[in-house]
Structures are given as C-alpha cells and as structure tokens.
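After this come two complexes, each holding subunit A, first together with subunit B and then together with subunit C.
The block that comes next holds the complex of A and B.
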C-alpha cells in the first residue's frame, strides 16, 4: 500500500521539480543570458508578398479596428493582401467586410464561410489552399497590430530554415478587472521570459496562432492546417519542429490583444487551450521522441515539457491526493517531499508562466507597480488548476466515448466599453 | 496556554500571512499601474527616425519665432531652448576658435566649412552644404544637403543628410547615421547603425565577377525539407561551382572561390565565403560570417556573431536594398552595402 502510493507520488514530485528547474533556467537566462533577436533589426529588404489571414466569427465590435490597423501597416501595399474568413457570422461582420472590400479592392478579400466544420483550424485549412504568397501571417480579429509589425514578422522568413514566427501579445484592456490585470501579468511572464528564453536557448518557442505566421512551403510540407486540431497553433508548432523547421519568437514584435474580462470566459478559454494542448501531447509525444536522432536532444526534451504543461495541473491534484491519502492511512510522507511539491506547485503553474517568471517579466518590462498584484495570481493559479484538470478528465471521458469536441469562441469586448474602437491604445 | 494566548498567536500568524497581500490590496483599490505596456512605436526601426522628428520640432519652433527675428540670431526658441541661427555671419559659431563649445541648437542657413575641434552639445540643422572640421563632436546633425564630417569626428546620437554624407577617417559614430543619397565611410571609423541607398567604404570597388558554371552534387545524406536542403554537419562547396536552391547547414560552411549559390543559406556554425563567391538570396549565420573579397550577397546578411565583409564585396543592389545585421561588424575597403548596416555590439571599418 505504502509503495503503491509513494512511487507515483515520487514520480509526480520529480516531474514537477523538472518543470520548476526549467522555469528557473528560463528566468536566469532572461536576466543574465545572451538575448537572441537576430531578425528584428531587418528594416530594409526586398519584402516578399504576404497574405494576412484573419479568421472572424461575429466580430462586428472589433473587425473594423483590426482592418484599419492592417491597412495602415508600413509594408508595400502591392505586396500585402488581407483575407478575412467570415466563419458564419450572424452579426454585422459580413456587411463591414463587404464595405472594406469595396473600399479597398484587391487588398481586403473577405471569404464568407456558410458551411463546413466550424472553428479556426477548419477555416484556415479550407482557405490556405487558395493563398499563393510564400508568407502567411495570421491575426485574430481583436488584435491591433502596430505599423511596423508586419515587416518584423516577415523578416525571419529570410532565413530558409524558419517555418513559423511568433510575436508578443500584450493585453490592452488590463484596467477592466482584477482578472485582466492578472492575465496581463501571466502574459508578461509567458512571453517576456518563457518564450524569449526558449528562443535564446535554441529550444522550442511556440507559434501561438496569432501575431505570427507560417511559410507556405513549410505548411504544405507538413500537410497544411489540420481541421480537427483543437489547438491549431500547437499542432502546427510540433509538426514543423518534427519535420525539421524552426519556430522563431520575437519579443520586440508586440501586438495588443483583448484578454477575457470575466472568469467564465477565462475558464472556457483555458479549458479550450488545455484540450488542444493535451490533444497535441497525445499526437506528438512519440513522433518527437522518435526524432531524437535528427533533432538536438535539448529540443526534444523541451518539446516534451512544453507539450505536457497542461498535463501538470491534473498531476498536481493527483499528487495532493496521494500525499493526503498517505498521511491519513498512517504513512506520513518523509520530510522534503511535501515542501518540494508545495514550492514546485507555487512556481510551476500560473497558466503558462510561473510566479517568479512573472516578477522578472514585470521588471524587464519596466512596469514596477503591477507586480504588487502578484499574490493574487494564486487565485488565477487555482482556477487554472481546476479548470485544466476538469478539461483533461472530460476530454479523456469524451475520447473514450468517441465524442467530438466543439469549438468555443472567446468573447470580445471592444466598443461595448465605449472606447471608440481603438481600445485605448496608449 | 490560555485561550487568549492562542488567539493572539493565531492573529499574529494570520497577519504575517496577509502581510504580502497589503501592497496587492492597495494596488487593487488604488490602481497605479494599469496602462497597457507601450509597444514599439511606429518607425522605431527607421534609421532616420530621430532626424525626422527633430526636423518637425525645429520647423514648428521656428514658425513661432517673430518675423522680425534677424537672419543671424543668438537667443531662445519659443520653448526656451537656447538657439543660434547663422545666415550671413558664421562667426556666431566661432569656427576658428579651437576647443570651443556650442551649447545651443544651431541652425545654419548658408554653406559652411568649419575649422574643427569644436563641440556641439545640442542639435545642428544645416539647410545648405555642411563641412565639419576634424575632431568635432556633434550631439546630432541634420543636413538637408551634402554633409562632410572631418577626420576623427564624433557623433553622440545621430546624423542625417539629405544629400551625400561623407565620414572622415578615425571617426566614432554612435547611434543612427543615415542619408537619403549615400554614405561614404573612411578608414578606422566606428559605427552602430548606418542606413542609406548606398553605403560605401573608401577604396576601390571590385571588378565584376564571372558567373559560376561548374556542376555541384548535393552531398549524401542531405535531406529535402520543403524548399531547402538540410545538410547535417560541415559542408564545403568547391570553387567555381553553381548550387541551385536554398541550403541549411548544421555545421560549418566553406564556399570556395568563385562559387555561386542561387538561393538562401542558413548555417548553424561559422560561414566562410572565399573571394568572388555569390549568394543570390539571404545569408544567415548563427555564429561568425566571413564574406570574402569581391563576394556578392543579394539578400540580407544576418550574423549572430561577428560579420566580416571583405575588400570590394557588395551586399544588395541599387534597386534591391537590404540589411546587414550582426553582433559585431567589420568592413574592408571598397565595400558597398545598399540599405542598412546594423552592428548591435559595434562596427568598424578597416584602418
């Protein structure tokens, strides 16, 4: 009995400790290591033709602001076209898109989907075959790219090994609620420290599905977008990595986004991410392990850890349960294990970013006072832990029953808050 | 232990635990840091961005000056900045006085040639040809026409010229250096960022190279990935051969004299291009990159370590400008780069 409880607990503690060490390495790298952003300084070049794809479903509140931002981009107008995939919107999105298409013929190309499988992955899969440019950038409809962002995101594709590029996401609506402020901290940690450290160390920066792009030839080489992927970004990241392409993260390529303003929306979002990531874990863990002869071992190892980030939540809960069970059945856990589990828990999960990563990120961003909210991140951590665990268990049950998961869209806010549509960009 | 002791102990423990929450609660109740992070502003990567901003600023200030302000003027701009305008009498700048320091924004509306050994602690705006003397220090200089910086000049922030910009030997150029026409850099010049349709170092350009015609076989073990070939380990491309397609080399790459690659190249190790090699795409090196004499690269050159551009080599074309971005950068004589030079840890021309 004792062994049956202790062995899995030791395994869980070991896994969590590995994640903790990983976060320490990342944070120390950002503070003291060599920072890699080799492409971001390319300001002059023969810029290739680019297609910007914007999947949109009921985006009447935000789509005009997005299109205005893209049309104002510092990029040769004759080499930039915008394809907005209107995925069965029932609000005024279609009318807005048609109006832009009329005003900017050849530059804004709406594509109205009226059938087929719903969701971003399906929309991208259906449309990518019609895109002829070598570089494809993808933005969600609530993002507000700055004028110089498009060139920054295209620049890495001058490197023939780069299959995908990812920029940094910066919350715009952080002043709304405690949740938006906590998400702002989490995003800082996740991008400013986690993603950039992975870039610095030559590991696996993740293509995040927005504020980024893919090379068309790479996309074709790995079989295009998969319509059944719950997280098409993670799915694409791993298919590219396994096939030998590189994913680049650029911390200075920043773009504003809206984060969820209420907890139910946030819970739905993180559950969706967890399901997508877990699906990717099941799909790519073995192919990644098999590619250890072709890829650096550090890439394979980090790739596996990144695949498993959403599996750590349920593991932690199991670990808590095992430790408690051991105590009450009369086998107190030896000194050391519980503290390690507690400390590791504290510093491992906060959605994507660990707490000390967040503190470092706030320091690197030069925003001193927002770090005072750090203790409240514990609430976000607990919500994430439970949500991810519920999503994982539900997903396993659905999988066993052969049920299909349905796409859930994140709620938008802009204009509804009376900010005139620009979201209050500073 | 009495119940009161227990209560006190519990209260102290609770208070100790809540201590870190006090700043959090205060920040929640009275937010002091809720503005979105400022993302990179428009044109932050434009080498001439600061010069354009200064031109706008000075134009606005001068429009506010009284119309009776004399052509040669020592005074203040409407915002209180100390200001000198030079039209007929360059004596305002005391050009012959060695070691003189000018602590004013200076506007020069006449062609001028300074004797040198001066320090301009504020910006200089020259609307006509400007020739600086040797050993002159500039905070920033905007010339609407030709600008010549004397030997051993020092620039602290930026220089922009509407016409050709020439930099004398032994100068130190910190910050952004740009021209709408061309920049010619003398020997022994240190720099960070230079941008112009044509950037040249002094010295004679290389003669036109002959096209490569030799056949080349992809090495055994090379894998086709999308639109490029990946070669694990080191690779040497022989002299005079022509390679078609993009390459990714995980080791070191050596390209022998006169060879040509019709595509882009990415190398994880060091790169050495020998004399008169041509690359018709971009060249990306994770470590050091040496571009040999008289070599040509058409696309961007990106080196995370040191990049050396040998005598007479060229990057980009007059009608296809590009960027050389490096950790550190060394330029030989007669080098031509069409576009931008970015040296994050500093660049230098050969002495």
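The block that comes next holds the complex of A and C.
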C-alpha cells in the first residue's frame, strides 16, 4: 500500500524538483549571466513598413488611449498603419474606431467583424491575409506603448532568423488592489527573470501575443494563425520554434497593461490560459520531441517544460492527495530520512524557488518595498493551483464530450475609474 | 602609489568601468533595470557558501542549549495550559548523526468517539458552508478554508472507519514536530545562502536575518507543538491530521517567506534607491 503511494508521489516530487531547479537556474542566470539583448542598440535604420494589429471586443474604455499612444509613436508615419479588428463589439468601440479612421485616414483602419468564429485567434486568422507588410505587431487593446517601443520591437526583424519578438509587460493599475500588486510581482518574475533568462540561455522565450510581433513570411511558412487555438500566442511560439525560427525577447521593450483587479476576473483569465496551454501541450509535445535532431536538446527540453507549466497544477494536487494518504498509513521509516525530506521539501520549501525568482525580479526592478508582499503570493498560488486544475479537468471532460470551448474576455477597468483613459499615466 | 591609469590592467579596467557610468555632472548613470545584474559571481557564491556553513555550524553548536530551552518552554506552557501528564525528555536524532534531547509529554490523546466525530463533522460542514460567505477580495481565504475543511473531512472519514490503524501517538508526534522543525532550522542558512546572501547587503544584515529567523523558530517551534498538544487534548486525535498537514511545516515556511520578503526589501549598496516603490 505504502509503496503504491510512494512511487507516484516520488515521480511527482521529481517533476516538481525539475521545475524548482529550473527556477533557480533562471534566477541565478538573470543575476549573474551575460544579459543578451542583441537588438536593443539599433536606433537608426531604414525602418520597414509595419502594421499594428489590435484585436478589440467591447473596448470602449481603453481603445482611444491605445490609439493615441500608437499614433504618438516615434516611427515614420507613412510606414505605420494600425488595423483594429472590432470583433462584434456591442458597446461604443465601433463609433470610436470610425471617428479615429475619419481623423487619421490611411493610418487607422478599422475592420468590423460581425460574424464568424469569436475570439482573438479567429480575428487574427481572418485578417492576416489582408496585411501586406513584412512586419506585423500585435497588441491587446488595453496596452499603452511608449513612444520608442515600436522601433524596439521592429529592430529584431532585421535579423532574418527572427520569426517573432516579445516585449515586457508591466502592469499600470498595480496600486488598485492587493491582487494587482501580487500580479505585478508575478509579472515581474515572469518577464524580468524567466523570459530574460531564456533569452540569455538561448532557450524558448515565449511570444506572448500582447506586446510583440511576427514576421509575415514566417507566419505564412508555418500556416498562419490557427482560428481554433485557445492560446494563439503559445501556439505560434511552438509552430515557429519547431519550424526553426528564432523567437526573441526584449526585456528593455516595456509596455503597460491592465491586470485583473478582482479575483473572479483573475480566475477566468488563468483558466483561459490553462486551457490554451494544455491544448498547446497536446498539440506540440510530440512534434517538439521529434525535432530533437534539428533543434538543440536544451531548446527541446525547455520547450517541453514550458508546455507543461499548467499541467503541473493538477499534478501538485494529486501529489498533495498522495502525501495525505501516506500520512494516514504512516511513512515507512525504513526508506530513510532523504525521502521524508524530499516529500517535506516538495510540500513546503521546494516551491520557495518561485519566491526567490519573484523577489529577485522585484529587486532588479527597484520595487523593493513591494517584496514585503511575498507571503501573500501563497494565497495567489493556491487560487491559481485550484483554478488551473479545475480548468484542466473541465477541458478533459469537454474534449471527451466533443464540446467546444467558448472565448471569455478579460474585464477592463480604465475610464470606468475616471482616469481619462490613460490609466493615470501623466 | 601607482594611479589607476598607469597601474595594473585590472585597475585600468575598473576605472574605465566607472567612467563609462559617469554622467556629465559627475553623477552615476545606472543601467536600465532591464540590464541590471550582479557582478563578481564567483566571489559572491564563495562568500554565500561560507556564510551558510557558519550559520549551520552556529546552529549545531547551540543544540544542547536549544534542547534545554525547549524543555523549559514546554514546562512553562504545560503549566499555563493545564495539560495532563508531565513533561519528560527524550533523546532524538536528525539524519542519524545529530543527537539532542528534546521534551515531550507523557499523556496520550484519545481517538474520537461517536460524539466527537459528530461534533467534528458539524464543525467542518459549518466551516465549509461559511467559506461561501467569503467573497470579493476574500476569495483566496475562502479557498484556503475549503482546503482546510477538505483535509479535516479526510480525518473524520479515517477515524470513522479505521481508527485502530492511526499510526501516531501524541508523545511521538511532538518529538517528530521538533525534529522536523530542527531540519527546517538547519536548512535555513543553506537556503538563505543561495537566495539572500548573494545580494549586495552587509555581512551584519545577512547574519542578523539568519539569527532573527532561527531565533524566532527556536521559540515558535515548542510553543506551536504545545498549542497542537492543547488542541488535541480538547478535540481528540481527529484534529491532529489537520494540525500536522496545514499548521505544521507549512506555517514555518510562511514565517520564513515573510522574513525573507522583508529582508529582500532592505536597501542595496549596489543599486540606487527604488524608482517605482
């Protein structure tokens, strides 16, 4: 009985240990390694024509701020066009877009969708055929790019091996609630440490789909956007990687976003991410493994770990269940102290690597006072763990029943809070 | 004395590095946060390892004192809480090599009878139901309370069907708690070594944090063990699994993370004051 519990528990402990070691390697690399940012110095160039695509569904609170920021970008005006895909909005988004199109003819091009499959991936897939520029940048409608960001994101495309680029996401509404502050810490760890370490180590920086871009020829080479992808960004990252394209991360290219201000919105968001990631895991795990002869083994290994990030949640819960059952039957002392330590570490300090990563990132960011919120991240992790597990189980059931997942939009807050649509940024 | 310009290559390199960051008015230009990193990895890792080993050695040296202090705390708490039995000392070992004397109690808690199980079931259902009243910003707390209720329900089911197989006695449990706490204490200098000592803080601050956490645990561990004993004496063995699984090691880790988060907010000598805090 005890052995039957111990074997799967040790397998789970082993998997968690791999992720723990990965956290430590990434954090130590970010602290001491050479910071690879090869394109950040490109300031003068023959800048190519660029299309910025902004999928929008009921974005009346934020879309004007986004368009103003893009129109004020430091980029040759005759080479920058903005395509906003109004995906069946029922609020004032259409009127705002038409007004901007009238005021900035040829620069702001709204595209009003009234039918077809809902969701960002479908909107991008439907529109990409109409885009003629080689460089396509994609932003979410709540993002506020700085003036220099467009050049920074375009610069990597001078490298012909680069298929996609991703910038850093920084929350702008972080002082709203405890949740926004916790999400700021999480984002900080994810970008300042995780993404940059992957870039430093030549692994798999993720194209995040919200402040980044893709090369049109690369997009076409891998079959374009897939309308049925639940996470079109992860889907695109892996199709590009498997096809041999480089995905690069620019830590210096910061863009502001809204993070969820309440827990129900956050839970919906993380469930959507989990479903998308799990779909990508099922789709790309085998193609990635098969690429081991063409791609460096480190890229394949890191790619698999990244694909499995959201599958770890349900595994952890199973592990806790096994550890509890083992407690009731009595841990076999004849196994020695090391397995006890392994299980105890798994249940407690093993996950400390994530705290180390977040604290390091916040310290690098100069946000050291915010690090005092670190213990509260435990509660955030608990909510994420349960939400991700529920999403995974539901997805499996839906998939067995042949049901289709429907898109859920993240709630916006700006303008509803009276800050003029720029999130309080002067 | 040779100036950096005419001196060694290393001195010239250092001067050039300093000049590269000097502004027109003599101030220092900090690199953007996207490019910040820590210098001297080798020296820092060596210092961190040495400091961590000093911390572990200090802890090992204080073990006899720790055993005596824990016994004193147990006796005080035992008298204060009015627990049955007496406080006795037991020899215990960690990793089979480190031996010390730890206190425990002579009384052993009883398994729950039908009434106790019914009371536990009602209380668990009430707590679970009340968790649904926790809404809005309290949702994470609701999740935690539900997890608590779930763990407690496993104990109720276990004692309803297999009470005779419960493998723990309170006296041994208390020794085990102190042993596990000692392992956590031993790990603390090592964990801090590779997650805190690396940063640009004075040796005094690093040692202060270590002593604060170890000092806190040295007092907290026996008090927590006695609190568990008190709750078990009131609520029978049916509460023991929840105390162990939810308020044992996990609580120590929470305390550690809180200390760590606070210490990581201390100012650095290397980087400028925060820009965004």
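The rule we apply is simple: the second predicted complex is superposed on the first by the 401 of 426 C-alpha atoms of A that agree within 3 Å, B and C clash if a C-alpha of one lies under 4 Å from a C-alpha of the other, contacts with A are read in each partner's own complex, and residues count from 1 in each chain.
Note that a residue touches a chain if its C-beta (ideal position, glycine included) is under 8 Å from a C-beta of that chain, and two chains touch if they have at least 3 such contacts.
Just so it is clear, the structure is predicted and the values come from calculations on it, not from any experiment.
Look at subunit A after the overlay: subunit B and subunit C clash there. By the touch criterion defined above, A:244 reaches subunit B but does not reach subunit C. Applying the stated contact rule after C-alpha superposition, one finds that A:43 touches subunit B and leaves subunit C untouched. Contact with both subunit B and subunit C is seen for A:252 once the two complexes are overlaid on the shared chain.
When the two complexes are overlaid on their common chain A, residue A:375 makes contact with subunit B and with subunit C alike. Judged by the touch definition given at the top, the superposed model places A:398 against neither subunit B nor subunit C.
Touch criterion met: A:383 reaches subunit C, while subunit B stays clear of it. Of the two partner chains, subunit B is the only one touched by A:148; subunit C is not.
When both complexes are overlaid on chain A, the residue A:262 reaches subunit C alone and has no touch with subunit B.
With both structures placed on the common chain, the touch criterion links A:177 to subunit C but leaves subunit B unconnected. For subunit C, the stretch among 5-13, 59-67, 77-85 or 113-121 that collides with subunit B in the superposed model is 77-85. Judged by the document's definition of touching, subunit A residues 40, 178, 252, 254, 365, 367-370, 372-375 lie at the interface with subunit B and also at the interface with subunit C. The residues of subunit A lying in touch with subunit C in their complex are 24, 28, 30-33, 35, 37, 40, 168, 177-179, 192, 196, 251-252, 254, 262-264, 267, 324, 327-330, 337, 341, 344, 347-349, 352, 355-356, 359, 362-375, 378-380, 382-383, 386. Across the complex, subunit B meets subunit A through its residues 20-21, 23-24, 26-28, 31-47, 195, 223, 225-228, 230, 232, 246-248, 263-266, 281-282, 284, 299-300, 302, 304, 320-323, 325, 339-340, 342, 344. Taken together, the subunit A residues at the contact with subunit B in this complex read 36, 38-46, 74, 146-148, 151-152, 155, 158-161, 163, 170-172, 174-175, 178, 181, 188, 215, 217-218, 220-221, 243-245, 252-256, 294, 365, 367-370, 372-376, 424-426. The touching residues of subunit C, counted against subunit A in their complex, run 32-38, 41, 44, 94-96, 136-137, 139-141, 143-144, 147, 151, 154, 158, 165-168, 180, 183-184, 187, 191, 194-195, 198-199, 241, 244-245, 249-250, 252-254, 256-258, 260-262, 264-268, 271-277.
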